[in-house]
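Both complexes shown next keep subunit A, but they swap its partner, so subunit B is in the first and subunit C is in the second.
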Partner chain A sequence: MRLAQGGEIDRTRPLTFTLDGVEYTGFDGDTLASAMLANGIVQVAPSLYRQRPRGIFSAGVEEPNALVQVGAEPSLQATTVRLRAGLVARTLSGVGRLTPEPEQHRYDKRFTHTDILVIGAGPSGRMAARTAAAGGARVILVGAGLPELSDPSGNVESRGPLGGIGDELAATQLRVLTGATAFGYYDSNYVLVAHKQTLWHIRARRVILATGAHEQPIVFENNDRPGIMLAGAVRKYITQYAVLPGRNAVVCTTNDSAYATVAALVQAGARVTVVDSRPIPPDLAPKGVEVISGLVTNTEGRHRITAAAVTTGSTQDRRIECDLLAVSGGWQPAVHLFSQSRGSVRWNGQAFVPDASAQANRVVGAANGTFDTRAALIEAAEAAVEAAAAVGYPVAMPPLPAVQEREITPDNPVWLVPGDPANQFVDLQRDATVADVRRAVGAGMRSPEHVKRYTTIGTGADQGRTSNIPALGVIAEALGTTPGELGTTTFRAPSVPVSFALMAGRDRGKLHDPIRTTPIHSWHVTNGAEFENVGQWKRPWFYPKPGEDMETAVLRECRAARTGVGMQDASTLGKIEVVGPDAGEFLNRMYTNAFKKLAVGSARYGMMCKADGMVFDDGVTMRLADDRYYVTTTTGGAANVLDWFEEWSQTEWPELAVTFTSVTEQWSTIAVVGPRSRAVIGLVAPDLDVSNEAFPFMTFRETTLHNGIPARIARISFSGELAYEVNVSGWYGLAAWEAIHEEGRPYGITPYGTETMHVLRAEKGFPIVGQDTDGTVTPHDLGMSWIVSQRKDFVGKRSLRRPDTARPDRKHLVGLLPVDPGQLLPEGAQMVALDAPTTPPVPMEGHVTSSYRSAALERTFALALIRNGRNRIGETLRAPLGDRVIEAIVTEPVFYDKEGARRDG
Partner chain B sequence: MTVEDLRRSPLASYPGVTEIPFLTMVNVRVPPTGDAAARISARLGGPLPVVPNSVVEAGRRHILWLGPDEWLVVGPDGDRELPGMLPEAVDVSANRTTIEVRSRDLLEHGCTLDLHPRAFHAGRCAQTTIARTQVILWQTSDEPVYRLLVRGSFATYLADWLSDAACS
Partner chain C sequence: MLLISCPWCGEREETEFHYGGQAFVSYPADPESLTDEEWAQYVFFRDNPKGDFAERWVHSAGCRRWFNTVRNTVTSEFLS
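Presenting the complex of A and B:
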């Protein structure tokens, strides 16, 4: 029922909303829950497992019952959803469902640093922030409040629940985030804050935690009926939202705090009876209110509470009719974030309070177990003064507002009132009862962590804010100990539910992962290339002509490179300049073969192993000068090779004068491949003598292309054909490509992609590191013993002498020719012997690493790693493929131009 | 037409992002003390900075501290002398392009460094990440004006990201 006056709602702005298909009206400033109560709705969806009627229980993030789906967003708490016009909500029984639709909202991240971060914008937090900012330190105040009441700029707050804090501090470095929740606290005072659709990453030199406390319930029989609420929540509904949740109230308490609720209820016109657990209740209730020393033991009612059963120590038990039961079992400091920061907590007889900090932080106010307002404000101010001095912007202790001091009657905490344990609810969201806890203890569990997992208490979206402490009380009672002896369960981030979309931010769609492109990329797109992802690179895969499928296009591209001329964008190759007087010595130690004596102007293919002797990377290296080499790596291995070089240089051989600079994007590389490539290069680079004598294989020349572009052209072949690699500055990549394409036109120059490159190299038996190797393959396994120097030392050399790496029957890279030349072996297919059994266990002989259709061979072929393969040439193996079998003959891995006659054109 | 007209920068046809194309850049890696460093400083007319993440102005060029033994010398477009002038240097002019950004707020959507004027200001640089790509971040003016030096292959991604972040 809405009260005629009061509250912080805007009565001039009525808002219409829909709940479970029915239209209602509330006001701006309402939560969904307060608007429901204003319309007389206390009941929400029934409980998850037992289908018991449930109602709104709290007025904040601790809400276990009132879960709603709002639009596409499941499992929101009605107590934290701000009412807006046209809001459509549906009550949920514990479980929501994510919509399959893509998230439409824009989510964002902000990274910021501050001297002092204050978490919590209650009186203590506001005092701390105000004090700390006065000296000029950078301060951020994070407060829950309600969304949208904050300044849209996200900066200094000028109105709303922070009460004008911004006006006096506008000139300082204070930033206030309202409607924001800190939910994760990590090392180095790194705190994550959810603020509307932005995830703030805040790193602070000092943190002041003023996170407040959560009121705890009392566990009695049938303590879950609609109309049973936390006492503080009842007061909040009356004072903040001008909503009276019931006219006929029983207030059951163990402490003084509920008397503020009693006063609010009386002022709002409700009839109130107080049940106080203390033998001599304090004289705090307004005149005319009956105060009974005793406890509520049970309730009646179906869809709403109708009466409470009360036991008293001295007089007869009572039955009091009511439509509202406000409960206060004491207050537990909100130590979630402090505990996440690795701060320790201790039991003070009533609650767990912060003990020792593990980071540069302090806890103040109710969060520190300091419930007296004046003491809390002093604590907050002192913490701020200390923090401000520590960060170099000292302030004096501020004057404290006058707060009336009063005498406090000590609490008499009660966790559990005798009754039927099957209907005494410990965790309302998980529907877990005292009987469940006792069952867990009866099964031998002693640790609260075990009981939590057995009963699921505290694992709901409310993170057990109203169930963890009662559960500890019940466990302690069952074990005959105290909650302090048991200790708490672990607090983990996120302390409030946050959406995946918030965590993803703008790392979605095309921004999910960087896409790397070469300077020639736009040409590939214009000319219809299909692309392949290689690491983060987009590489042209093949260039289908109209009507061509992949197979046809690749066969055409292969034929062009073997009989005419093809060209490929090889700019993605990793490139590293290795500079210094010891560059040659360094490369000698890294590669299995020698580079120290490579002549300036020459190039050499090299292979690298890890310390275990397994192949790590390969590529061609050119010697540019006595003290300078140009190393190329595989496309995917570039960053790893650079790191590998740096690691050995910095940690093992600091005495070598050598440095490394990545130049991958400095150079665009264009491969020009095929018998007609010499003619094309001759046209493109007219200054160059391209004859085999003047420009032999594995050399390079610096020259200028006919259009003036400086170029470094090398004779390198990854196909066995006569081939060139034209290296130009990345700025000129596109122009050089277009020039070569233009000059090659009379020769039918054919752009080709990675698939054709793979086929051409496989026909020659050239392995690709990472496709034909997998970190368990040595150079000898690849049949490349010729590349392993016997004279010099290199990384991995000793491992190659281990008995296992030296044994002759390891898996070898061999060729496979399917018996039926039309059948294509799938890559990854396992090969077995012809006479292998057809039921497990089936001995595996190895697997197919590369498999293609070859235009040159006019048949299919494959490469495979086969046990003892080099000694099994001519043997037929089988690939069992479920519904079919492919037989293939083991061959040498070189299928085409075994003599190497085509290399020089 | 000169050969320079054939150059194409990574963001040449990207709208809405301020690219400063074709700056001349060389990477220098030498021990911070010793003959080589002294010779290079003399040749450039300014000391190789030793304060981490600081930038020294040397005539029309700037020297950025990248590491204890690594510097990036940045000259204007057309600085033909720079690439060949230091024997130890590696020409990296085309390795990165440069994007100018005039908003600290925009960078704070994806850069984890503290960019508050008390912590970062004109004459500072840092090797860091913006969103998911590496950049050299260099503040050239307190207005503020920042330069993001990004690898050419990542430039389109970064431009996409900046355009998206600028909408928020």
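Presenting the complex of A and C:
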């Protein structure tokens, strides 16, 4: 019921909203929950598992019951949803459903540094922020309050006055984020704040936590009926929203704080009976209010509470009719963020309060267990003075506002009132009861962490703000100990639910990860290439002609490269210039084979190992000058190889004069491959003598293409065919590609993609690092002992002599030919012996690393890492594939042109 | 997220760095003269103390320089 006056709502701005299909009216300044209560609605959707009637329980982020879906956004708390015109909400039973529709709103991130961050804009937080900012320090005050729903026009920040902070601060460096929630506190005072549609990443030199406290319930039988609410929430509904949640109230408390609710209820015209757990309740109630020393033990009612059963120490038990039961079981400081910052907490007999800080922070006010207003303000001001001095903007202690001091009657905390444990609810959102907790303890759980997982108490969207302490009380009682002995469960971010869209910000869709394309990319797109992702690169996979599927296209491309001429964009290869008088010596120490004596103008294939002797990367290196090498790496390994070079150069051999520069993006590389490639290169580079004698295999020449483009052309082959690699400046990549394509047209030049490249190299048994190797494969395992120098040291060499690495029966790279030449082994398939058992354990012999259909072989073939494989040539193995079995014969890994007769054309 | 002080660039976000493991593990002068056990110690074995630990970092998204530092593995506080 809406009161005739009062509250902080704007009665001149009525707002119409829809709840569960029915239209209602509230005011600007309402939450959805306060507007519901104003319309007489206390009941929400029934509970998740037991379908019990439930009602609005709180007025903030601790709300366990009143979950709603607003538009497409599920699982919002009605108590934190700000009312707006046209809002359409639906009550939810415990769980929501994400919409499959893409998020329409734009979210963003901001990164900022500040001297002092104050979290919480209650009296303590405002005092701290105002004090800290007075000396000129940069201060950010994060005010909780109402998180706005998706409001594209919402201001990102608001500077200047906030309630209680005067205009004199307009000139200071104080920035106020209203309607914002700090939800994550990480190392080095790094705090995440959800502020409307912006995720703030704030790095602060000092943090002051003024996060307040959460009121705790009392666990009694049928403590979940609609109309049972936290006492502080009842007061907030009356004073802030001018809503009276019930006319006939019982207030059940263990402490003084609920008497403010009593006063507010009386002033709003409700009839009130107080039930106080303390033997001698304080004289705090207004005249005419009955105060009983006792406890509520049970309730009656179906869709709303109708009566409370009260047990008293001195007089007879009572039954009091009511439509509202306001409960206060004491206050638990909101230590979530402090605990996330690795601060420790201690049990003070009633609650867990902050103990020792692990970072540069202080906790003040109710969050520190300081509930007296004057003491809290002093604490906040002192923390601000200390922080301001620490960051170099000292301030004096400010004058304190006059706050009336009063005497406090100590709390008499009660976790649990005797009753039927099956209907005593500990966690309303998870529908978990005292019986569930006792069952967990009975099953042997002792740690609250275990009980939490067994019962799911505290795992709801409310993060157990109203259930953790009662649960600890019940566990402690069952184990005959205290909550302090048990300790709390760990607090983790996010401390309030945060949407995925906010986390993602703009890092969605195309912006999720950088996309790298070569200078020739537009040509590939125009010519219908299908692309595959290689790291962040988009590489042409194959170029299907109309009507072709992948298999047909790849067979056509392979045939062209083997019988005519093909071309491939190889620009994604990693390229590093290694320069300096010691460049050759450095490469000698890195690669398994030697580069120091490589002739200028020549190229050499090299392989690198990590210190454990396992293959790390490979590629061709050209010597451009005495002190200059041009190293190529695998596409995916480029950054790792550069890092690897830097690491050894800086940390082990700083005496070697050598530098490394990534030139991957500076060069475009075009592979021209096949028996007709010499003719095409001759046309495109007319100044070049392309004869085998003048331009032999594994050499390169600097020349100029017929269109004026300077080019470095190398005779390198990754297919076994006569082949060239044309390197030009990235600026000319597309022009060079188009020139080669044009000159190759009479020869039927065929662009091919990565799949054809893979087939061609596999036919020759060339391994791909990362596909045919996996970090457990040595050069010897690959059958490449010829590349391992016996004369010089290199990183990893000593490992190749270790007993396990030198074992003759390690897994070797071999070929596999399926017995049925039409069957294709799946890559990754496990190979077993012919006579292996068909039920586990089945000894594994190895696995397929590469598998293709070959145009040249007119059949399928594969590469595989097989235990002792080189000594098993000719043996038949099986690949059990669930519904079928493929048999394959172990072979040498080279399938095509074993003599190497084709590379010179 | 840690705030790490690069000796060349000053304090930067942890995401700009890569971790390099224990510091002062030198590449042996003559690997071939080592026993298998000695070589295995170099390749595979590192300390894992609870407390102060001398370790290597590289400012890979910044100046790309390697540096040594001492970090407390419990609190992640940098001591040097």
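In this text, the second predicted complex is superposed on the first by the 793 of 905 C-alpha atoms of A that agree within 3 Å, B and C clash if a C-alpha of one lies under 4 Å from a C-alpha of the other, contacts with A are read in each partner's own complex, and residues count from 1 in each chain.
Operating definition for what follows: contacts are C-beta pairs under 8 Å (C-beta built on N, C-alpha and C of every residue); 3 or more make two chains touch, one makes a residue touch a chain.
Quantities reported herein were computed from a predicted structural model and do not represent experimental measurements.
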item: Touch count on subunit A, higher of subunit B and subunit C; value: B
item: First (subunit B), second (subunit C), both or neither touched by A:Glu577; value: first
item: Which superposed partner A:Gly882 touches (first subunit B, second subunit C, both, neither); value: neither
item: Touching partner for A:Ala358 - first (subunit B), second (subunit C), both, neither; value: second
item: Which of subunit B and subunit C A:Ser188 touches, first, second, both or neither; value: second
item: Contacts of A:Arg802 with subunit B and subunit C, given as first, second, both or neither; value: second
item: First (subunit B), second (subunit C), both or neither touched by A:Arg138; value: first
item: Subunit B versus subunit C as contact partner of A:Pro100, first or second or both or neither; value: neither
item: Touched partner set for A:Asp612, first subunit B, second subunit C, both or neither; value: second
item: Partner chain(s) touched by A:Thr651 [first = subunit B, second = subunit C, both, neither]; value: second
item: Set of subunit A residues, in rising order, touched by both subunit B and subunit C; value: 203
item: Partner subunit C, residues of subunit A touching it in the complex; value: 186-188, 190, 203, 342, 358, 611-612, 643, 646-648, 650-652, 793, 795, 797-799, 801-803
item: Contact set on subunit A toward subunit B in their complex; value: 106, 108-113, 138, 201, 203, 506-507, 510-511, 513-519, 522, 537, 572, 577, 579-580, 659-667, 707-709, 729-735
item: Subunit B to subunit A touching residues, read off their complex; value: 2-3, 6-10, 13, 22, 27, 29-30, 69-70, 88, 90-96, 108-114, 116, 118-119, 131-133, 151-154, 156-158, 160-161, 164-165, 167-168
item: Of all residues in subunit C, those that touch subunit A in their complex; value: 1-3, 14, 18, 20, 26-28, 31-32, 34, 36, 39-40, 42-44, 56, 58, 60, 64-66, 75-76
